[in-house]
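We call the chains A, B and C, going by the order they appear; numbering starts again at 1 in every chain.
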Amino acid sequence: MAEWLDDFLFTYETLIHALGIHGLLALSMYCVMALGQLSLGQAAFMGLGAYTGALLTLKLGLPFWLVLPISALVPALVALIIGGPTLRLSGVYLAIATIALGEVLRVLYINAESLTGGALGLSGIPQKASLGLVYGLLALCIAGFWAIGRSKIGRAMEAMREDEMAAGVMGVNLPLYKLGALVASAMLAGLAGSLAAHSNSFIGPNEYGFETAVTILSFALLGGIGTPIAPVVGAVVLTALPEVLRPLADFRLVINGLIIVLAVLFLPRGIVPFRLRRAP
Amino acid sequence: MLSQQLVNGLVLGSTYALFALGFTLIFGVLRVINLTYGFYFSVGAFVALWLARSFGASIWIALPLGSLAAGLVAVVVDGVLLTRLRRTKAGELPSLMVTLGAVLALYSLMAALIGTDIQRFPFGFVGSTALEFAGIRVSLVQMLIVGTAFVLVAVLFLLLQHTRLGLMIRALAENEDAARLMGINVDATVVAVSFLSGLLGGAAGVLIGLNFNAIQPFMGEAMMLRGFAVIIIGGLGDIRGALVAGILLGVLEVLTAGYLSSNAKEAVGFTILVLTLWFRPVGLFGRAQVKRA
Amino acid sequence: MFRSFLVTGAVAVAAVAVTPAFAQQTVTVGAIEILSGPSAAYGTAIKAGLELALDEINAAGGVLGGKKVALIVEDSAGNKDQAVNAARKLVGRDKVPVIIGPTLSNEMFAVGPVTNERKVVTVGTSTTAVGITAMGPYIFRTSLPEADVVPVTLKTAQEKFGVKTIAMMYANDDAFSKSGFDSMKAAAEKLGLKIATIEAFGSKDSDFSAQLTKIKGLNVDAITVSALVEPISGVVLQARQLGIPASVRFIGGNGANSPKLGEIAGEAAEGLLVGSPWFVDKKDAINDKFVADFRKKYSKDPDQFAAQAYDTMHIVAKAIDTAGAAESDKIRETLLKTNHTGVMGPFTFTEGRDPASTEGVVVLGMKGGKFQILQ
């Protein structure tokens, strides 16, 4: 292989990793939004996965194949606990409860110093998340969501998104679907968090706050939720964007924000507006 | 010491309440988590700062003009961002998203133009003398904050309950379509609500910026999360609830930091928020309508 | 995988690749600083310091026999992912032999492993946390870690002002403040100071009344604060507002060492003590020239971040020049031996790639809204 290719890969390694991991996060957002719900807890779940994974690797030295599923299960458990009361209410409440979760966890990471390193975070996490693993999992998830989307479950999900009350009347088990989606999305976010921790080598308590939650939401909103591919495309665009806009320095975030505004106002179905075709 | 801590809590709580008033008003009436609200807060503070520095304006001029400017900005921002979505009845999600993108753009633009250094009102802008009473110290600014919070709640309450505009706003909060059918000028009412909330946000920005001497473009962002807690605990759209919940939160935070552990202070708001969602999602007074899913 | 495979082949390629590099008339150095977002003030000051030094270096004929030094400053926005991306771009695409920065310790913890693996010299100018240079043999810093500065300050307070009992405050949610506090606590214990209480706050908090009211009841001699300048200003102002008398001195960590403190806190900060590796009014020819040139170029006073960056740029240029080539390995060797007298005083690196001397540390006291060297 040529040296330039090696340099190219080195230059963009973190970015390529981030694209895959953000793709997974976008899917975790898709998972709740496909039902017309709004969770701002993806960042919190991601953080839980990251801390769980990093601690299991660093303190217990568990093998990575075991670390990954546990990092997905811990956030799933937390999702069950907060999903119970809030899913009975309208969407706004879930959104706010999940924001609160992120803050509570942040305070916890900062104070559980002996375990989490407090404000200094955890460093020296071995880089175990290979590109193959990240993209393999991403492909698997897209395929899985695609299959679900075309099945009866997918139809129920779309019905809920379009008109929740009507879907309920038609016999869709609303609470089950909502809780199931929240738990699945928490698992995905936890997985992504653990992968991120094992590719960045450093995690800190302030990385999973409101801003990260907002970024993850913007992936799905920009891409759209017509197909599982769409949010991933959104993630790719928004992850690459800050790098592309680098020369603009000060005005980069301005443009990033404007893109979100314009996408929502003028592309309500996202930049990938197609819908899944149903199995007959 | 306890009495001083209670006063500290009252002042802190009043800042939360001041911030939350306009926020809960938008949320309650327009059904939008409007994240640009934090930006109005910063606008109010900066306009007042500019007036004080460039023209030597006193607080009695800078405060109303700063608030007014924030109100006008709110009307413009709301009109540009949300009119279209309101017309198509796009719902909570896209509205939240569009204000999210906008607030990111607006904060960053402000930071790029003004810089991120924190600034303060000129020394002596408001007398820094503190009154001492039975070992309790309160400064003029602090009294101004507590006073303003209570006065604004009273004025807003009277406005909503006893004026024609208030009636229109309440009708809009109840049901937009019905309000329109009843001959209410919905568009004008929306503008009025945006203006009012911007005005309140701006006033809060000036006073809080004055109290903490820390004015910078992102100052609204830091208040936002506590704002969420206050409006849920007080009940969405509930003006008196916002006041009570704000003060309650402030007092509890101060007592936690003073007597338990200052590490736990930040967790207080969110713990109460989670408890509220579990046991009493309608908020303290149970006035707000909670749409059950 | 393929990288180890490459190494053998790369030696041959490198020999060819080096020749055109020699033909170039510039040596490019990279920097990663926060130029946007809420903490942009730090990165902007550093960038100003670097560029001022750069002008002087190039005006004096550059390095390596007449080559100009060019500087690419990448923005990290205070975000560690963007900092890593910037580092990778500088290393992989711009092929810089030296990176200056990043601004925050948090960012350095993310960037360090990447640049060290690629054997690119990385010099932090503002990263004071514990463990920075332990990341690898290519990671340097020119900023004195808090653990070196704080003991000097506390000792002065103890000896000069008879401070015996202290209350300690710190921002518990950022690495800079927390790590500074850890050093302070260790130093205070070593000096035998009595710690009456330890109070934490959030770095974005603006209300400290609860903690300060508690401290007021404890009758301490001094209050130490480790945080960035914004919250420290708030703490100091509110302490006086709550009636903590001016006889109770504040002792600040590195974050307090900013002219902003006087501007925001005014009289309330009177008497505050802080240790600093550099000071704007330090009277020597090098510093006078630096301050005058800085004022001329940017029409404002430099702060310590600008001063540290200014020295660092000179130190790096000197190391490149003595290395004889813009190659990271050689620069690493010469950096370890570089001896430079700059605005911070005489400077060398330790074996552990930290600044060797704390001789330059001056203890400053706030007087009339401005820092002055304590007599």
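Simple rule for what comes next: a residue touches a chain if its C-beta (ideal position, glycine included) is under 8 Å from a C-beta of that chain, and two chains touch if they have at least 3 such contacts.
Just so we're clear, the structure is a prediction, and the values are computed from it rather than from any experiment.
A.B. asks: Could you find the chain whose CA centre sits the greatest distance from that of subunit A?
C.D. replies: C
A.B. asks: Pick the pair with more C-beta contacts: B-C or A-B?
C.D. replies: A-B
A.B. asks: With chain centres defined as C-alpha means, what is the inter-centre distance between subunit B and subunit C in Å?
C.D. replies: That gives a centre separation of 37 Å.
A.B. asks: Just give me the whole-number Å value for how far the CA centre of subunit A lies from that of subunit B.
C.D. replies: 30
A.B. asks: So which bits of subunit B are touching at least two other chains?
C.D. replies: Residue numbers touching two or more other chains: 108, 111-112, 263, 266.
A.B. asks: Where in subunit C do residues touch at least two different other chains?
C.D. replies: 36-37, 40, 172
A.B. asks: Show the residues in subunit A shared as contacts by 2 or more other chains, in ascending order.
C.D. replies: Within subunit A, the residues that touch at least two other chains are 110-111, 250, 252-253.
A.B. asks: Quick check on the complex: what are the subunit C residues that touch subunit A?
C.D. replies: Per the touch definition, subunit C meets subunit A at residues 2-3, 6, 10, 13, 17, 35-37, 40, 74-75, 77, 80-82, 84-86, 88-89, 91-93, 95, 106, 109-110, 113-114, 118, 129, 131, 172-175, 177-179.
A.B. asks: Spell out the residues on subunit A that touch subunit C in their complex, using ranges where they run on.
C.D. replies: The touching residues are 1, 3, 6-8, 10-15, 18, 106, 110-111, 118-121, 123, 200-202, 204-207, 242-243, 246, 249-250, 252-253.
A.B. asks: Which stretch or stretches of subunit C touch subunit B in the complex?
C.D. replies: 36-41, 172, 199-202, 204, 206-207, 209-211, 213-214, 216-217, 230, 233-234, 237, 241-243, 260, 263-266
A.B. asks: Please name which positions on subunit A make contact with subunit B in the complex.
C.D. replies: By the definition above, subunit A touches subunit B via 33, 36, 38, 82, 85-93, 95-97, 99-101, 103-104, 107-108, 110-111, 164, 174, 178, 210, 214, 217-218, 221, 250-261, 263-265, 268.
A.B. asks: Going by the contact rule at the top, pick out the subunit B residues touching subunit C in the complex.
C.D. replies: Subunit B reaches subunit C through residues 1, 4-5, 8-9, 11-12, 15, 108, 111-112, 115-120, 123, 128, 130, 132, 137, 139, 208, 212-214, 216, 218, 222, 253-258, 261-263, 265-266.
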